[in-house]
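Two complexes are shown next, each including chain A; its partner changes from chain B in the first to chain C in the second.
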Partner chain A sequence: MYDMKALYEAESVSEAIQLLQEHPEAQIIAGGSDVLVQMREGKRAGAELVSIYMIDALRGITMEDDGTIRIGSLTSFSHITKDPIIQKYINVLGEAVDMVGGPQIRNIGTIGGNTCNGVTSADSASTLHAWDAIVELTGPEGVRRTPIKDFYIRAGKVDLKPAEIETAILIPKAAYEGYHGHYIKYAMRNAMDIATLGCSVNVKLTENKERIEDARIAYGVAGPVPMRAPHAEEYARGKALTEETIDIFSKSVLEDINPRDSWRASKAFREHISQVLAGRALRESIRLAGGEIHG
Partner chain B sequence: MADKQYKLVTCTINGVRRQTMVDVRASLTDMLRNDYQLTSVKKGCEVGECGACNVIIDGECYNSCIYLAVWAEGKNIRTLESLMGPSGELSDIQQAFIDETAVQCGFCTPGFIMSAVEILESGKEYSRDELRKLLSGHLCRCTGYENILNAVEKTMKKRLAMNHEV
Partner chain C sequence: MEEKGSVLGKSVKRVDAHDKVCGITKYTDDLCGKSLVARVLHSTIAHGRVLSIDCSEAEKIPGVVKIVTCFDAPKNYFPTAGHPWSTDPAHQDVADRLMLNEHVRLYGDDVAAVVAEDEVAAAQALRAIHVEYEEYPFVLDVQKAMEDGAPQLHEAFPNNILKHTSIRNGNYEEACKEPGLIKVEGWYDTPTVQHCHIENFICYAEMDKGRIVVTASTQIPHIVRRVVGQALGIPWGKVRVIKPYIGGGFGNKQDVLYEPLCAWLCTLVGGRRVKLDCTREETFVCNRVRHAIRGHIISWVRPDGTYAARKLELFSNQGAYASHGHSIAAKGMGAFPQMYPCPNVDADSYTVFTNRPAAGAMRGYGIPQAMFLFESHTDDVAKAIGMSPLEFRQKNLMPVGFTDAFSKNVLYTDSYNQCIDKARVYMDYDRKYKEYAQQEGPIRRGIGLAAFWYNTAVWPISLESSSCRMVLNQDGSVQVQVGETEIGQGADTTFTQMTADTLGIPLENVHVISCQDTDVTPFGTGAYASRQTYVAGFSIHQTALLLKERILDYAHELTRMPTAILDIVDGMIVRKTDLQVQMSLEELAMEALYSLSHSEHLTAESTYQIKSNAYSFGCTIAEVEVDIPACRATLLNVINVHDCGRLINPALAEAQVHGGMSMGIGYGLSEQLLFDEKTGRPLNNNLLDYKLSTFMDHPHLEAEFVENYEPTSVYGTKALGEPPVCSVAPAIRNAILQATGVAVNELPLNPHNLFRRFHEEGLV
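Right, the complex of A and B next:
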């Protein structure tokens, strides 16, 4: 038995909002792979929960009329990886969430939970940052949209207003069209492990595939919340596909990142692998985009 | 908790429609073990790490220890008990675990086998590395991983060969 005070089950988004208004102390539970574990640990013991797990309308991936990719917040990791829209336009997201935990965790864990937990090591977070994802939130006042970088306030704290729930993650067409990307999870084990560092890079090459038109890079565990490395991105714009470009790009990330010492790894080690992973992920992104790196 | 809160949950378990009142605080492991005596569903870590409580829900594997019993409403749930034939025969994958000495204390076995069932029913052929990844949500304290992989791989190959002949 879980140590919970009460459970309120919502069958629709409006019902969930109403339940959250009626029970202002209640916490949202989606797949529960964070919430239930923390309840067992005692951190959330005695809490009231509003379950949104049965709201099937929040599951699935669709393409909107303007080309925006819409990922329902309850879509599980395994369904994201298997989805043809994801595979075609933003395959790296499917690959990134395929590195979460093990198979059973990927069937229960949702992208909504992975972003609303505000955790820097969340495997979807760096890729969503690197692809300019938009978070759609629905609350008593209606629907609002916020860029994912503004959604994260501090470690474990995201911009969810009272009685609001995340209803979708949106990837606008301009954010994915022509881009190819790669995610690297650095962890001690190949499965069932939390990232020591996560690095997601993507590039858009010029038409002749000689230069980088645009590059984006984001990290998990390089700071208290997932973050972009704007210095590296700015440097890369317009550069030729050379070893020098990769080298300077990788070094520039140190201008932005701010990792810390933890039991998993030291700050110095994280700074080191941040550069190594930036270079590897950029190299692979260029390859996926059809570019060739010259000496 | 002031007043106990219960809910009527109707679902299909191992092919039979079942209904019971559950305490909303119960996990699916609690319900399967206590209300339906399906003791192949083990209580290991109870925090989603070890896979001992793994069952198939609507065709996908879940750790039932971190799945609320009330979420079973309307679902089709399968546990290891469903693999037994009408006269108590073992299924091919269970027999393979015995033949390959993939069972030591046996605590992890039902969970592993249910993941194997999902793998085998996909009808796909996987490489050894892919199988390793597909089984990575399970811990075996007796560390018989190679034998477990052998059992799953051999059964996969046998079934694929049989399908070929048909």
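Right, the complex of A and C next:
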């Protein structure tokens, strides 16, 4: 039994926007795996809800003409993991969201909800950052697109304007073509957990597979919002595939990340694990890209 | 024992399996139907006094029926431990509880309660109540709570010490002066953890003809009756307690929880049905937890691996209220001089109040904590004198024939060595121990051994009695009732097997009445310790023989054969001399009930008082892989071997061990209830942040047995309920020690503690 004032069910994006305009205090609900939990805790008790869960147009993964991968914001984690386009081009995203909670949560939880929550620990978030994802938002003024790093404003706060909903996540062709990636979720148990730290790396090797042409690394829980580690990325460009490269790359992440002391983990612990994960995720990404690391 | 093609020792199907699998079985909430809803308002400070409570806003909320505060609650102090009552005031449990408290002693203490038409109105009312507190300093650490000047929780207990007991064997001070001794000393620490049974605590109460009927998810219905009577200050016969199937208890429900409050609230709303259903968050904080126990051990050992003298100090964190109190630490301490006998032992245990959730019974009752302390230390001693942990244990563990002076328990068989040998073979321990002795690199493996000490029941510490009733039906089947409760462990099934065996009737003709109703169920104190099969076995056996005697007496009337040559075999009255079937039990029962010349309802009822107890020993071997840079230990293989006497039902026994091993893995690797040092607030009282281990964290769980028939038991059986959890954590700890050379003396062995220790030792 939930303490809700009203539930408005939208059947199209335009109807959802209209409902949100009519009920400016309303909370958007999709799968409900976060919102309902918060209501039970009393945090959103008595809220009005606008449900977008019935808008099937926001489900599914397609490839656009220019090669952009379009993920409808209501696509569930389990559908992302099983999707052939994801598996072929950005399999790491499917692997990452397959680590969310348990099977029931992955069936009900959506990637739109996971990003709009604005939490740093979301398993999709670091990988989407690492792939330079674009967030598509639709509101009364029409459609706008924003890079995911700008979408996250602060912990729990994203750039969602009044009566706006997230309609898709887009991965441009230039962001994924030739790249291979790996995500490591570091958690206290192997299922039903949130990340103590998440690290997603992808690399593009030079044609001869001797050097790193480009590397991207993003973290969850290394700061208040998901973040990239530009110093490490800058360092990696053009470097040979050696143990030294991996070692310096790993250490460089400390230039950028800013984990905090909390009861969930100490700053010292998170900084240590950040380096371990950076090295391991880079190593695996290079392997997936067909490279070989030399002593 | 006469076996006669016995149903004992067979893996017969659980009697409740079909209905549970099909979702037919009814639990408390299924039975409740329409009711009012009660919710408790909990304090938001760890220690202090309620100055005032303003309910005026809350009372205006539609659907709110009644609000009561700590100022309204009766001042009948009552105890909550699920112990048998003692008629000797000196041995009664500490009565330090009220239903609602003005003096709050933990963050989450109960200060007011709301009764409403539904959950939403109740939750809204809780948010609308305003409480004004006077705050006191609080203390969470067990040793800090003992210091002079520490915040005092209960006036009657200076320095917060609920109880301190000691053991003085031989002369420790003199014995440790022996030349050439090696001193090994260590501090070991265990965390506050919770039972995490699937079904949270729930109860409902209603009035019927001036009496209060409480239906509760409890292990101890007859004790709940007594405590509800004590708390409300009413005659115990005015209370009727019904215990349906329950979704686990593990000792949390071996305590009286919110049954008194719910019963009282019911009386305030005209006897209407009131339900009190704890949330998971409340279950962690406002029910009971396992005592966090810290220990300090000093061993003086000779180079040949024998002990000269040993010293133990235990500090048991009781939390805010006495509950089971010192029994837990005392049991843990009691194992110390027994497990590794040594002539000179000094031991002290302290149970100390702190502003944490109240600690009570939890599977193992102090022994999982004690075994982490003792068995971690055992490996430290072996390492210090350069002996293998296996050889050291073989040399020092309790020998056959050992008799404990207090309990009179005797070790009749070489259980320890037999269990260890079986585990060694399964794990290929000797080879792996050598192979893992010298390792380099970031990923290393280790293998660890830990044994455990346990005993079955509570004699001679408290009353041990079991009562049973059997009633013969027209078709030759029987109803069986005992006070020992089914709490998921399979008790009803083993009781069915015992009855069928002793009475001589087919299993399907035994109907164990699972539900205990204090109005009709024979008196028994419920499910606790690891005593159900042992204790109920005596009264089932005695009562079945009594019923059998009555049946055969009646058979004598019908057959004119002397009872001495009659028997019941597979539901038939048989003449033993030629095995000729005289009649079926059904024919006899029909005649007995409907005879115009001699009608008799054949029943039997008896109490058996048990004045014995039985050791139950075993071990764990664990193999781990430690990823040093990632500060993570993964359990690769694990085996438990138990000597719990004769197995009544091997499949259920194995399942019991699997469950206990799982609990031990969580205890060893991940579980810990955390508190904010600044406020005393519990930080992770939910199943996301409290890291109960999942299937994905378990390797295959191997459970094996050594079946030494227990000579004091009527069915040859002894403890298995709690023992499987006792030795898992120290085995994992000892495996990590072998893999890395790093002794981690603080549970859980999670990445945070491994990082801290690896960093201290220069590994990361």
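Criterion: the second predicted complex is superposed on the first by the 295 of 295 C-alpha atoms of A that agree within 3 Å, B and C clash if a C-alpha of one lies under 4 Å from a C-alpha of the other, contacts with A are read in each partner's own complex, and residues count from 1 in each chain.
Here, contacts are C-beta pairs under 8 Å (C-beta built on N, C-alpha and C of every residue); 3 or more make two chains touch, one makes a residue touch a chain.
The shown structure was predicted, so the numbers you read here are calculated from the model rather than taken from an experiment.
Using the contact criterion defined above for the overlaid structures, shared-chain residue A:85 touches neither chain B nor chain C, since it reaches no partner.
With both structures placed on the common chain, the touch criterion links A:288 to neither chain B nor chain C. Once the two complexes are overlaid on the shared chain, A:1 sits against chain B and chain C alike.
In the superposed model, A:248 makes contact with neither chain B nor chain C. Look at A:45: by the touch rule set out above, it reaches chain C but stays clear of chain B.
By the document's definition of touching, of the two partners only chain C reaches A:266; chain B does not. In the overlay built on the shared chain, the residue A:193 is in contact with chain C alone; chain B does not reach it. Looking at the shared chain after the overlay, A:53 reaches chain B, while chain C stays out of its contact range.
In the superposed model, A:160 makes contact with neither chain B nor chain C.
Comparing the two interfaces of chain A, the one with chain B and the one with chain C have residues 1-3, 190-192 in common. By the touch criterion stated above, chain B contacts chain A in their complex at residues 1, 5, 7, 23-27, 30, 46-49, 51, 54, 60-63, 66-68, 70-71, 73, 115, 133-138. Touching chain A in their complex are the following residues of chain C: 118-120, 123-124, 127, 629-631, 670, 674, 676, 683-684, 687-689, 691, 693-697, 750-752, 755, 759, 764.
On the side of chain A, the complex with chain B involves touching residues 1-7, 9, 29, 32-33, 36-37, 40-41, 51, 53-54, 78, 101-105, 107-108, 190-192. Interface of chain A with chain C (complex): residues 1-3, 42, 45-46, 186, 188-194, 196, 263-266, 268-269, 272-273, 276.
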